[in-house]
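In what follows, chain A forms one complex with chain B and a second complex with chain C.
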Partner chain A sequence: MRDIAIISFAQTPAVRRIPEVNEVEMLMPAIHGALSQVDMTIDDIGFTCSGSTDYLAGVGFSFVSTLDGVGAWPPIQESHVEMDGAWALYEAWVKLQLGELDTALVYSYAKSSPGDLPMVLTRQLDPITVAPLWPDSVSLAALQARSLLDSGNYTEAQFAEVAARSRRSALDNPNAQLAWDRSAAELLGEDYHIAPLRKSDCAPITDGAACVILAAGDVARSKVKRPAWIRGIDHRVEPIHLGLRDLTVSESTRIAGEKAGVADGPIDVAELHAPFSHQELILRDALGLSSDVNINPSGGALSANPMMTAGLIRIGEVANRISAGDVNRGVAHATSGPCLQQNLVAVLEGEA
Partner chain B sequence: MGKERVAVVGIGQTKHQATRGDVSMAGLVREAAQRALDDAHMTWTDIDAVVIGKAPDFFEGVMMPELFLADALGATGKPMFRVHTAGSVGGSTAIVASQLIQAGLHERVLTVAFEKQSESEAMWALSLPIPFTPPLHAGAGGYFAPHIRSYIRRSKAPDHIGMLVALKDRQNGIKNPYAHLHEHEISFDSIKESMMLWDPIRYAETCPSSDGACALVLGSEKVADDAMAEGRQPAWIQGTAMRSEPTLSAERDTVLPLGGALCAADVYKQAGITNPRKDVDAVEMYVPFSWFEPMWLENLGFAEPGEGWKMTEQGATALDGDFPVNMSGGVLCTNPIGASGMLRFGEIAMQVRGTAGEHQVDGVRRGVGHAYGGGSQFFAMWVVGKDKP
Partner chain C sequence: MAESATRTVGVDQRTPEVRLAKTETCSIVTIVTDRQEAGDILSAPLIIEYPFKRTTGPVIGAFLTGLREKVLVGSRANDGRVIVPPAEFDPISGEDLTELVEVGPAGEITTWAWVTKPHAKHPLTDPFAWALIKLDGADTPMLGAVAAASMDVVHTGLRVTPVWADEREGHINDLSHWIPVDGGNT
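This part shows the complex of A and B:
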């Protein structure tokens, strides 16, 4: 495959509610931040690809307005996915593989604040057999957490450790929404939110946006000292129906991790898109990550979870750590759908 | 670093109609996908990846419906990808799918596009108000009518051109068993007498609102060679291109959009087309309102600006003309919005393969599929041919 690297990443600070600006205005600082960090303008970009969903924006074709803000004149080569920005990055990576273009701009964004997010997400479910029951996303995750406890593989205390560690890590992340230092034991003293999940086991609801710039080979090397090379990237899906899956494992993550080559070398850091604490444990197992891997040093989705964007942020966070020279090889993961239905895994690495 | 060759080796579509009450969304996409697999002599397990496209999710009221359709489309354990680029999405989806093979990632990709518009009211789903943006409240017809009036003024085209396009496409549609509209009684006079909806667009010059799906199986060079060896002509993809331009930009010309012209120039260059009018044998283009036939003939370089309507008037674009356009009846006969672009791409591939049945044109060696969306701002095109590129 052609060598493609992440050369720039920018995100908006994650907050619960951004009422004063629209989505386009919310997104612009991320795009211009990513471009200016590598001294580029939109005219230097070969391909643009974005991820968003009309259901959170509340209008059809909502991505069309953001395209205006990005600046598509003269006309550009561009595409859009109704998926997390991590998949927009995948499309851009495929496009750059064709060898005709050297740079790509990838962005994603969502405001969850205008609606009731767990209720909005019920609209993803089978419209005939499940959606009429309005099972919210937290309750579905709680079913998964319960089956994980029932498997005997993990305990609520281990959920709480993930929750505590994530928010403690987030103290070092200026873009995080939830950051605090409380012990796992203290969290276990909380009441259940939706049993067996406590509030601290759940991601916050976030408005936010992010942008990544990809470049090929020498173009990447000319722009930054240490590009974060995409050594492998793959994504897989499972049936949406919870009854058709073993919820205690993530088979799609396992396949994607294998195809992306996670096991081909040592992993220093992993950013896993786990909106619920128990999902991090499932993902670690699916990817075969050893106990010495630094998981979610950004605080992960438990500290900031902008929809359609939290997956792309995972990739950007790993890339930033590689480009800064802190680590050499890392895994980034993105998820979509109820209970880890669809998963993407990317392996990033610094120059050998 | 080169691109791998790709060909269309399987094509399937549903029977399109106003309401497909006999099938769910999953049943609808599966009907098209199963037909494409049968056509490709493949089964679900042969497929490496699935790429699905559709227009706004509000049309059916399911958020990111590919998630619940993954199972019906046999995607378990496979990559599944969802594209949404407005009305051009059926075309863009096929292009994104083809790139997975061009990049050497997969050998056999199933791509599906659909819309089940009976689940909602498309015209109003298109008109949801956006804060700080001028409200449309008129559906697509109200948006495009001024573009058409501008075209008529600039080209001095006579009034009847739009009606000629509508008559031709509706008559072509009668020959297409999958088409939504089969208007056996249609005549020039019946079109002329139909209600004026958005001047100058009459009711009979407007696309219907359809339920329908289209599916293509794309194969690598090896897969396509094997099909050829078994006597099944593949439609080789000789070029693909996409272009986007903003909604609001003072520089835009919505009658002759620069994005459309650049998209066409790009795809012709890839396919080695220097004289589009001569080098292309047939075209399936996205004509949701009759007047877009002459407008796109000009935008895509088949006629000089201001001259496209003469091709229509002279009958060049008829099924028996020297430059057939929308042999299938086009969007004017069938419009499940998300699928309409892929139907154009698939129909032209059928022409190239010689499998279009009663609306087959003789001797199509190379054809163009075209889709557009948004406010004439998103463009997707491909060139397919009998010959390996």
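This part shows the complex of A and C:
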């Protein structure tokens, strides 16, 4: 395996809606922020890969327009996934493994705000037996939360603790959308949104974009003092029907974590893509993270959840902490689909 | 599909007198014969659709036909489990599944969520519960909307039974929603 590292990460500040600019205008600061941080231009990039979904824009092939963000002339090597940018990063990592290219730029973005997001997300469900019922994404997460409560492993108070801690951590994150200091007990006093979930258990709706630059071996070392090396990365998917899964665990995360080598060394920090508070608890268990691991110091998806992007941001947040020298080894996780259907796990590490 | 889309949204320079907006599913042919006056804003209908049909096949098709007849079926997986709605492929081995098994019609809630303010697109207009419902004779639960007087009536393990639509056409919405057996006193 080739050594490949994250050498730059940039994101736009997460906000509820950005109506005044189009997607490519929203994306540009992330791309050019990531490039300028390492004194690079698009001419220095071997492969470009993006993650987004046309469903949010309501326009077929809308991702082609956002290629203007990098400039696709003269022709560039480029690909797109209709997935979170974390999976675009995976494709770029595979591409660099081939050994032909040394650098890759990965970006993702979403305007989650124009449509009715929980309803738009029903379009990813089984189109014949489930989607016609329009079960919104929050309702499906609530079914999972109830399963977890019924299992006796966790309580609503523990959900609230995750919600409170995430927004408190977000006070230190200038890019976060939701940041406040309220106690778990106060959150438990809220009415149910879709029981057993309260609004505070749910991620906000966010517009935003992010960009990561990958580089191989000595190219990475020549660009930054402390690259965040990708030591392992894997992703797994589970059946589309919720009835075929045990919703109280995340088997796909467990397998991906095992393949990525989470347990091969101590974990200092974990950024887990959990759009609902109870999902963080499921993910911690699936990855076998001990109680002393610093979880979601950025505030996580509960503090900023740009669709198609919040997973890539988790990877970037871990990479930044490693490159800054704050931590040595961390795990980043991204999810997609209803109730943690599909999961990606990456283990990042600084050089010894 | 691409050709028809071009015709619908653009102006065909070769035959400016006749422009067609034709779709397979709607079977609408609109013939536009009026010439655009100079300075007019060009406009044309844009219909977002999938202009093709898909058969539901012997497994999902049987499930949908069953709904029309108020019969619920699942498919037997290689490990013996009965999966509802029926799966065309074994979730573990990926092999074709062909054996259909009648299940229900009543079943038991395995998990649920209470919707206080239903969305216009939701199956019910009053507050209701989403639930995964394991039908009698089935090993995996299916999603449904349960009508109940209040959240206090609903619990995991509650037995529910289907309410069928008056007019059924072989669609998942033939099963309108679910209600507690014995008014929720079980």
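For this structure, a couple of remarks:
The definition used in the following text is that the second predicted complex is superposed on the first by the 352 of 352 C-alpha atoms of A that agree within 3 Å, B and C clash if a C-alpha of one lies under 4 Å from a C-alpha of the other, contacts with A are read in each partner's own complex, and residues count from 1 in each chain.
The rule we apply is simple: a contact is a pair of C-beta atoms (placed from the backbone, for glycine too) under 8 Å apart; a residue touches a chain by one contact, two chains touch by 3 or more.
These numbers come from a predicted model, not from an experiment.
In the superposed pair of complexes, A:207 makes contact with neither chain B nor chain C. In the superposition on chain A, contact is made by A:79 with chain B only, not with chain C.
In the superposition on chain A, contact of A:120 is made with chain B only, not with chain C.
By the touch criterion stated above, A:128 is placed in contact with chain B and with chain C alike.
When both complexes are overlaid on chain A, the residue A:87 reaches chain B alone and has no touch with chain C. Legend: residue contacts after superposition of the two complexes on their common chain; A:255 is shown touching chain B, with no touch to chain C. When the two complexes are overlaid on their common chain A, residue A:67 makes contact with chain B while staying clear of chain C. Contacts of A:241 after superposition on the shared chain: both chain B and chain C are touched.
Between chain B and chain C, it is B that contacts the larger number of residues in chain A. After overlaying the two complexes on the shared chain, residue contacts for A:147 are found with chain C alone; chain B is out of touch. Shared interface residues of chain A, touching chain B in one complex and chain C in the other, are 126, 128, 239, 241, 244. By the touch criterion given at the top, residues 1-2, 22, 48, 53-55, 58-65, 67-68, 71-83, 87, 90-91, 94-95, 97-99, 120-121, 123-128, 131, 234-241, 244, 251-252, 255, 336-338, 341-342 of chain A touch chain B in their complex. Of all residues in chain C, those touching chain A in their complex are 56, 60, 63-64, 83-85, 87, 91, 110-116, 119, 121-123, 130-132, 134, 140-145, 151, 156, 171-173.
Interface of chain B with chain A (complex): residues 1-3, 24-25, 55-68, 70-71, 75-86, 92, 96, 99-100, 102-105, 125-126, 128-133, 241-249, 251-252, 257-259, 262-263, 374, 377. The part of chain A that touches chain C in the complex is made up of residues 119, 126, 128-130, 132-136, 139-140, 142-147, 150, 191-197, 239, 241-244, 247.
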